[in-house]
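Quick one: structure below, then a few questions.
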Amino acid sequence: MRDKLHIYTVLIILVSLIIIAAIVDTLLQPKSFNEHGHYRWDAVNELEKQTVINQNSKICSECHKDIYQLHEKDAHFSVPCVDCHGAGNLHVAYHKDSVSSNITKEKAILKKEFKFEGCLFCHKKLNARPSDFPQINQKEHYKFMHIIDSTAKCIECHSPHEPIFLLTDSRQSRLHPIVYKCTDCHKTKPKKNFYDVADHPKIFECKDCHAEIVKDFNSKPHHNYVECRTCHLFHKESENIGRMYKNGNAKFCLLCHENKPFKDPKYPPKVEWPNHISNIKSIEKTDTKICLNCHEKQIHKMNLQLKGNPHPGNWKSEHKKFAVNKLSKKIDASCNLCHQKDYCLSCHKVEMPHNDQFKGDDHKLVVQKKGKALCYNCHAKEFCTTCHE
Amino acid sequence: MDLTQNFLFPNELHIYWTVMIVLYPYITGMVAGAFIVSSFYHVFGMEKLKSIARYALVASLAFLLFATIPLLNHLGKPERAFNIMLTPNFTSAMSGFGFVYMTYMVIVVLEVWFSYRSEFIEKFNQSTGVAKFIYKVLILGNTNDNENTKRYDKKLVIFLGGVGIPIACILHGYVGFLFGSLKANLWWSTPLMFIIFIFSAIVSGLAVLIFLYLFVHWKRKIKIDQESIDLLSKWLWGFMIIAVTLELMEVLSISYERTARWAILEQLINGKLKISYLYLQIGLFSIVPFLMLSVTSLAKFNVKIRNFIIWLASGMLLLQVLLMRWNVVIGGQLVSKSMRGFTEYFPGYFDKEGIIVSFLLIFTPFLLLRAFDHYFPFFPKKDK
Amino acid sequence: MDNIERRQFLKLGIYSSAGLLVGSFFAFSKGNDKIDVLEYDDLLKFDWGYVVDTTKCIGCGSCVRACSVENSVPDTFYRTWVERFEIDNHEIVRVDSPKGAIESFKEDNFKSDISKAFFVPKICNHCYNSACTQVCPVGASYHSPDGVVLIDKAHCIGCGYCVQACPYGCRYIDHKKGTADKCTLCYHRIHKGEEPACVNACPRSARIFGNLKDPNSKIRKILNQRRYGLLKPDLGTNPKCYYIGLDLEVV
C-alpha cells in the first residue's frame, strides 16, 4: 500500500482536477446557451439591435411626395432612392429629430451630384446586360446627339426622376412582329453571330406595312437622323404596339432640340426653351404634346393606314429562302406549299397570290373587323408552323 | 475548362489558414510519431530501442507543449480558445480537439513522470535550496523509491503507453480527418487524408528522433547505439514508403477518376504547386531519401558513412513532411471553389503569422528539448 | 507533472474569464435600446428564403454597395457580390467579378463573338444542411429558428474552419474583429418589416426575399411558377437561395 501511495496521489489529483474542470465548465457556460439549440440564444437578439442604415423608398416618399410620384411613374420607378442618394439614415434621423440625434446638418445632406460613372453602373453598354435594358456607349451616344463637350453629365438632359430617353441603342428591335427567336426560322446556327439583333438583315421593315408614312417620313428632314424605332417602341405583342415613347411629350423632342451649352448649336436645329413658346398665345402651356401641335407635318403623316399585299417587303427576294417544306424537308417556296388554290377563292374569288385589288378597301375592312391585320386572320396558326418549326 | 480568366470568388482572395496551420499538424505529427516510437519499447518491449525510448518520450512532450502555440497565434480571438471545451459542438470534427489534446497531454505527462520518478527523487536528495523545493513539488513530496514502486511505475508506463498509442493516432488522424472531411475543398476532400496524416506523422516522428539523436551524439561525442539506429532507419524506410505511396495513390485515384475536379487539380499540380509538390516533395525529398535509405537498409558498409546517410535522409524526410503539410494546407486553399482559378499566398516576413514567427515556432520545441535534457537527461553521459 | 498542466489550465481559465467579462460588459452596455425582444416561438412561423432572378440582373452592383454600407463590410470582403459570365462562340467561358462588382463592371472581356452573357448575383445560401454550422467547434455559427445562418460574434473564436467548409465562398474572417462574418440576410431589418439591404437596393427586382412558410408570399408564388436551380446541389447542402434562369456554367 505504501509503495502505491504516489500512484494514488496522482490519481486523486487527476480526479480532483477533472471535477474542478467540470465545475468551472458549468460555471462559465455562457448565458442562454443551449436554450434553443447549440448556440447562445441572446446572440439572435444582439444581432437584432444593429441599426437600419439603408432607408426604404416609402420613408422617403413621406416627405418628398412630389418627387416620389414623378419618379414612380417613369422608367426609373423600380430604382429605389438609396441607389443614387445613398443610405440616408442620417438624413432621416436628422429631419425626424435634429436635436437629440446629434447629427450635423452637413452629414444629413444626401448625395445629389451624379457623376457619369454613377449612371453607367447601370447603363453602360455591356454584353452581359439583358438586351431589353436601355444601355449606351458613351462615345457613340455623344456623337449621335452632337454633343461637343464630352464632360457633359447625363443629368444635363435626363432628369433622374423622369429619365426621358431615345431608344436608339437599346436592342429592343425585333426582326418581325411575330418571330422572336433565332430558332423560329433557323434550323442550324447561323454562320454570322447576330448577337445584336439590329445587325440581322431585315425581314420585315416598317415600310412594308406603313409604306405611305415611311415614304412621307423619308421626304422630311428627320430621316437622315433617326429611325422609326428611335421614337416608337417597336412592335411587341402588346397594347403598346407602335406607341410612341412618352406619347410625344415635349420633353422628348427637347432631348435633341433644346439649346444647351454643351451641344452642337447648329445641328440639329435648336430652340430656346421655354422662350420658344412663351410668345405664342394660342398654345395651352400644360399640353404635353405641345411640339406636335405645330410641327406634326415636319415629322410624317400621322394617320395610320395599313397598305400593301399580304406578303410585302422582301418576301420574294429573301424570306422565301427560309420556307421549308416539312414533309420533304426541302426549301420549297411555291405558293401551294402554304396555300391551297381554293382556300380563299371559295368565298372571295380572290386570286392567288393576291392581286392588286386585294389591297383595296374591301378586303382590308373585312380583315380589320375581325381584329388584328395579321396572317392569322385568314390562316390558322398551324399555317405558319407548317414551314417554321 | 478555360483557366486564362483565373476567376476567384471575391472572398477567396485571402488565404484564411496560413502557415500556422501548416506548422500545427507538422508539430503534432512529430509528437505522435515520437510517442509511438517510445511505446515500441515501453509497451512492446523492443529492447533494441531502450536507449531511444525515454528520449522519444521527452521529445514528444516538448513538441506537445508547443503544438497549440501556432493554433493560438492563428485564432482570431485567442482569448476565447477555451470556448472549444466550454461549449463544444460535437457535429464538428474540431470540437474534440480540446479533449483529445488534454487527454493526450495527461498521458504523456504522467508517462514522463512515472519513468523519471526515481531520478527526480535522486535529484531531490542531491540538490539544495530552491531547486530542492522544485523537485519536492515535482515528486509530490513522496520520496518512497524501492523495487516495488519501480515495478508499479513500470507497469503504469506500459499501461499509459498502450492507451497513448490510439490517442496519438486519434490526435493526429483527426487533423487529417479535419481536412479530408471538408467536401467544399477539392484538394483535401478524400478519405485517404487521415491515413496519410497518420503515416506521415510516424515518418516525421522517426525522422526527427534519428536526426536529433545522431546530431547530439556527434556533437557530444557519445557512442551511438548502432543497433537501435539501424532498426529505426529501417522503420523509417518502411513507413516512408507507405506514406509516399499513399500520397501518390491519392493523386493517382483522383486523376484516374477524371471527375470535374481533376481538371483544376491538374492545373494546381502543374502550376502553383509545381515546385513545392512535384519537384521538392515528390522528387527531391521523397525519391532521394528513399534511395538513400534503401542503400543503408539493404547494404552493409562503413558505419560512419552509413550513419551520415541516414542522418541526411532523415533530415530530408523532415523537410518532405513539412512540404507535404504545406502542399496540403496551402495548396488546398489556392484552388478556388469556383473551379476556375487560383489565388496567391505568401506568408510575409514580419507578419503575425509570417515567416520569422514560423521559424521561431519551429525551433522553440527544440530549445525546450535541450532544456529538458538539462533537467532530466535522457542520453547517457559522455563515455569515460 | 501537474504544475505544467495546471499552469496551462489556469492560463486558459484566466483568458476565458477575461473574455467572458469583456463579453458580458459588451452585452450589458448595449441593453438600453428599446426594441422588442424576439421570442423563439414567434420566429418559428418564418422560414426566410431568397430568390435570385438571373435573367433580370443588370450587374449594376447597387446591392453590393448597399450591403457594404448597411453592414460596414470591410474592404476586399463581400457578403454579396455579382459575377459576370461571358461565353463566346467557341464555348470559352470568361467569369469575372472585379471587387465583387462594387463599382459595377467596366469593359466586356470579349470584343466580339459573344454567344451568351449574363450576370449572376451571389449571396449566402443559408443552406438547410449547411456545412459551415456543422463544423463550427464552439456553436458560434448556428441556424436561427427562422432559418437564417448566423454568427455569434461574441462567442466565435476565429478558427476559420467555417470559411473552409463553405463551398460557396460566402464567409470570411474579419481580421479587425478576429471573427468569422457573413451575410445575415440583414437580420436586424427583416423583423422590422424591411427587406434586406440588397433586396431593397435592387433596381430590377432581381432579388426576391420572403417567408417560405407563408403559402401566399411572393417568394412562394414565384417558386411555384418558375423553374429554378440551386448552386452545387450535389454537395447536399440543400441551399435556400433559389436561382431562376441558372446556367450550367455557374457554380
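To keep things simple, chains are lettered A, B and C as they appear, and every chain counts its residues starting from 1.
Following the convention adopted for this analysis, a residue touches a chain if its C-beta (ideal position, glycine included) is under 8 Å from a C-beta of that chain, and two chains touch if they have at least 3 such contacts.
As the structure is a computational prediction, the values presented were derived from the model and not from experiment.
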Checklist outcome for this item: Ranking A-B and B-C by C-beta pairs in contact puts on top B-C
Checklist entry - Whose Cα centre is nearest the centre of all Cα atoms in view? => result C
Checklist entry - Which chain's mean C-alpha position is the greatest distance from chain C's? => result B
Item to check | Distance between the centres, which are taken as Cα means, of chain C and chain A, whole angstrom | outcome: 29
Next on the checklist: Please tell me the distance, in whole Å, between the geometric centres of chain A and chain B computed from their C-alpha atoms.
Outcome noted: 63
Checklist outcome for this item: Rounded to the nearest Å, the gap separating the Cα centres of chain B and chain C is 37
Checklist entry - What parts of chain C, by residue number, touch at least two of the other chains? => result 1-2, 5, 13, 16, 139-140, 155
Next on the checklist: Which positions in chain B are in touch with at least two other chains?
Outcome noted: 82, 86-87, 89, 106, 110, 113
Item to check | Per-residue overlap in chain A, given as positions that touch at least 2 other chains | outcome: 10, 13, 28, 30, 33, 38
Checklist entry - Which of the residues in chain B end up touching chain A in this complex? => result 82, 85-87, 89, 106, 110, 113, 117, 139-140, 142, 144, 146, 148-149, 152, 156
Checklist entry - Which of the residues in chain C end up touching chain A in this complex? => result 1-2, 5-6, 9, 13, 16-17, 20, 23-24, 27, 30, 33, 35, 37-38, 40, 43, 55-62, 66, 69-71, 84-86, 89, 103-106, 108, 110, 112-115, 117-119, 139-145, 150, 152-155, 184, 187-189, 191-192, 194-195, 197, 200-205
Item to check | Residues of chain A that touch chain C when the two form their complex | outcome: 10, 13, 17, 21, 24, 28, 30-31, 33, 35-54, 56, 76, 78-80, 82-83, 86-87, 117, 120-122, 124, 126-130, 133, 193, 195
Next on the checklist: Can you tell me which positions in chain B touch chain C when the two form their complex?
Outcome noted: 1-2, 5, 7-14, 16-17, 65, 74-84, 86-89, 91-95, 97, 105-106, 109-110, 112-113, 137-138, 178, 182-185, 333, 336-340
Checklist entry - Once bound in the complex, which stretches of chain C touch chain B? => result 1-5, 8, 12-13, 15-16, 18-19, 22, 76-78, 81, 83, 92-97, 99-100, 109, 122, 131, 134-140, 155-161, 163-175, 177-180, 235-236, 251
